[in-house]
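The same subunit A turns up in both complexes below, where it pairs with subunit B and then with subunit C.
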Partner chain A sequence: MKLYLYGIIDSSSMIPEPICGLEASSVYNIPYCDIGAVVSEINQPVQAVSKRLVLEHEAVTEKLMEKFTVLPFRLLTILDGRENVLSMMGDYYGDFRGNLDGLRGKVEFGIKVIWPADKVKSRIIDACGTKNRNAHLLDDSVERRFVREKFEEHKIDRALREKADGYIHAMDVFLGKFAAAKRLETLRTENLLLSAVYLVTKDNQDNFREAFEHIRTARKDFKYLFSGPWPPYHFVTLRRKSQPRRNSGQTAIFDKVILQPTLVEADRT
Partner chain B sequence: MDNIGLKSGDVTLVEILDRVLDKGVIIAGDIVISVADVDLIYLGLKVLLSSVETMEHLRGAPFPSPMQEAT
Partner chain C sequence: MTMNSIVETDFPETFVEEMEKLQEALPQRIDANPNNVEKGLAKLVLTLVELVRKLLEKQAMRRIEAGSLSDEQIERVGETLMKLETKMHELKEVFGLKDEELNINLGPLGDLM
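Moving on, here comes the complex of A and B:
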């Protein structure tokens, strides 16, 4: 029997309310010590990742989040039978326990900020242009002009990043007051000023939202995407390295995956 | 978001995908298996499917060759 895993919860008890999982199957908890793996049975092959599949997976995880601390699993984590689930729980128990303790009562919020990079850059170029208006008179050799142009490009990029860092720092100081942890990424693309996730205690959710609204009001020329509360997808960290197992009901193709660790690792970046 | 041209449902889906495909507990490489008859699909998912975020990370950087260690 294949079991589809949704997440690990901080309870070994039965799930108090019925939850409908993939293929309309019942979701239940497999206890291990004081934690549990939430699963449902899966009989039909998963033909493709569909919008419905993604939403059903997420719906179960969010339903669990209402009652428990959840370590959400990645989509399409399927194990072969209860014994393998228990074995996996035994292997990872320390990690799961530690993560559950650290994430108890916390949820994740996502924030993306888009800024008018072209306008900011234009202003920087204008400023550089004013300073260097007569630079071409200094030397007009091709080589020197090339080096000078490259240096100008570098200065513009650096100035753009400094501006971005300044804006992000101002926002993060404000939001960070209400966050227990955070992951920030600056300028993933030129227009995406900030892509951030914040871990916030449930008690602080309203304060965090309010802080964000202040930022939105203060910088109306930026565009924002605020999402959450999510299960803490970005804040689960397993210390235990996955290791290949033998004689545990793995399919042949899984052995092929093990033989190509580079591909598996590349997927985890 | 204004002027993005996406419905809020689409944005939500993208945000979910960003998480469920790339984050959370990953025990792949250990005892995760695929359902019978869809092994190749599942392998394809593991190797090829990625969230927007991962693709952005990889963009501009060459994929490591099969003989190279991933960084």
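Moving on, here comes the complex of A and C:
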């Protein structure tokens, strides 16, 4: 019998109210010491991530979040039978316990910010006077012209990054005050100024949201995406390296799951 | 199926577009099926070559900025960088690769470039 794993919870008791999982199967807890692995049985092999799968998986983990601390599993984590689940729990018990303790009472929020990179770049170019400076390069050799153009690009890129760092720092000062942990990524694309996840205690959710609203109001020329509260997908860390288990379709235990915002949004409307 | 988490934005299409750009640039694995194993490997190798080329370029720019290169050296650096860029351009064309495809996701460390 194949078991689909949704997450690890800080309880070895039965789940107090019925939760419907994939293929409309009942979700239940497999206890191990004082924690549990939440699973449901599946009959059909699930090969690919679909919109439905994402939504069903997320719905289960969110339901669990209401009552427990949850370490969410990546999508499509499937093990062959209860024995394999217990064996995996035994292998990782220390890590699971440590993460559950560290993440108790905390949720994750995602923030993405798009800035008008083209406009910022244009302003930088104007400030550098690059266009004028290039005019006299016509007398240079091809090689020297190439180097100078590269050098101008280099300076513009650096100035753009400095601007980006400045904006991100200003935002993070506000948001970071209410966060227990964070992960920030700068300029993953030229337009995507910030892609961040913040771990926030449940008590601080409203403050965090208020801080975000403040930022949104202050810089109206940027575009924002705010999401959450999610299970702490990005803040689970395993000291022991996860390996595929024999006789299972599992690939890895805790790779981060990136939910497609549009899918979630589509379901809500 | 009910969900409590929210995704709020006034610009969903813009964000989808940016996320799609990321997905295109960051394959989860090398595409090594028999029909395009050559392209998959070329992509990996050219990504590493491109990384080295960019590092060389950055280092050259730093040295120019610091004023530690003579005119003659700048000339030579320019020639080398130009040739490297031209060769990379040719190789990308041969294997049908775009600039944005030459990247590798290093997991928790982020993107290679």
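Here, the second predicted complex is superposed on the first by the 231 of 269 C-alpha atoms of A that agree within 3 Å, B and C clash if a C-alpha of one lies under 4 Å from a C-alpha of the other, contacts with A are read in each partner's own complex, and residues count from 1 in each chain.
Just so we're on the same page, a residue touches a chain if its C-beta (ideal position, glycine included) is under 8 Å from a C-beta of that chain, and two chains touch if they have at least 3 such contacts.
Quick caveat, the model's predicted, so the values are computed rather than measured.
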* Give one of first, second, both or neither to describe whether A:H57 is in contact with subunit B, with subunit C, with both, or with none. => first
* Please work out whether A:R188 is in contact with subunit B alone, subunit C alone, both, or neither, and reply first, second, both or neither. => both
* **First (subunit B), second (subunit C), both or neither touched by A:Y28** => neither
* First, second, both or neither for A:G7, with subunit B first and subunit C second -> first
* **Most subunit A residues touched (candidates subunit B, subunit C)** => B
* Mind working out whether A:Y93 is in touch with subunit B, subunit C, both or neither, as first, second, both or neither? => neither
* State whether A:T77 touches subunit B only (first), subunit C only (second), both chains, or neither. => first
* To do: Using the superposition on chain A described above, determine whether A:F174 touches subunit B (first), subunit C (second), both, or neither.
  => neither
* To do: Please indicate which partner A:P229 is in contact with in the superposed arrangement: first for subunit B, second for subunit C, both, or neither.
  => second
* Asked: Does the superposition put A:I42 against subunit B (first), subunit C (second), both, or neither?
  -> first
* Structure fact -> subunit A residues where the subunit B and subunit C footprints coincide 55, 58, 114, 188-189, 223-225, 227, 230, 260-262, 264-265, 267-268
* Structure fact -> subunit B residues touching subunit A in their complex are 1-4, 11-13, 15-43, 45-47, 49-50, 53-54, 56-58, 63-64, 66-71
* To do: Using the touch rule from the top, collect the residues of subunit C that touch subunit A in their complex.
  => 1-12, 14-16, 18-19, 21-22, 57-58, 60-61, 64-65, 74-79, 81-82, 110-111
* Structure fact -> Within the complex, subunit C is touched by subunit A residues 20, 55-56, 58-59, 62, 112, 114, 141-147, 150-151, 154, 185, 188-189, 191-192, 223-230, 260-262, 264-265, 267-268
* Enumerate the contact residues on subunit A facing subunit B in the complex. => 2, 7-8, 42, 44-49, 51, 54-55, 57-58, 71-80, 84, 87-88, 91-92, 110, 114, 188-189, 195, 223-225, 227, 230-231, 233-234, 236, 238, 242-245, 248-254, 256-258, 260-269
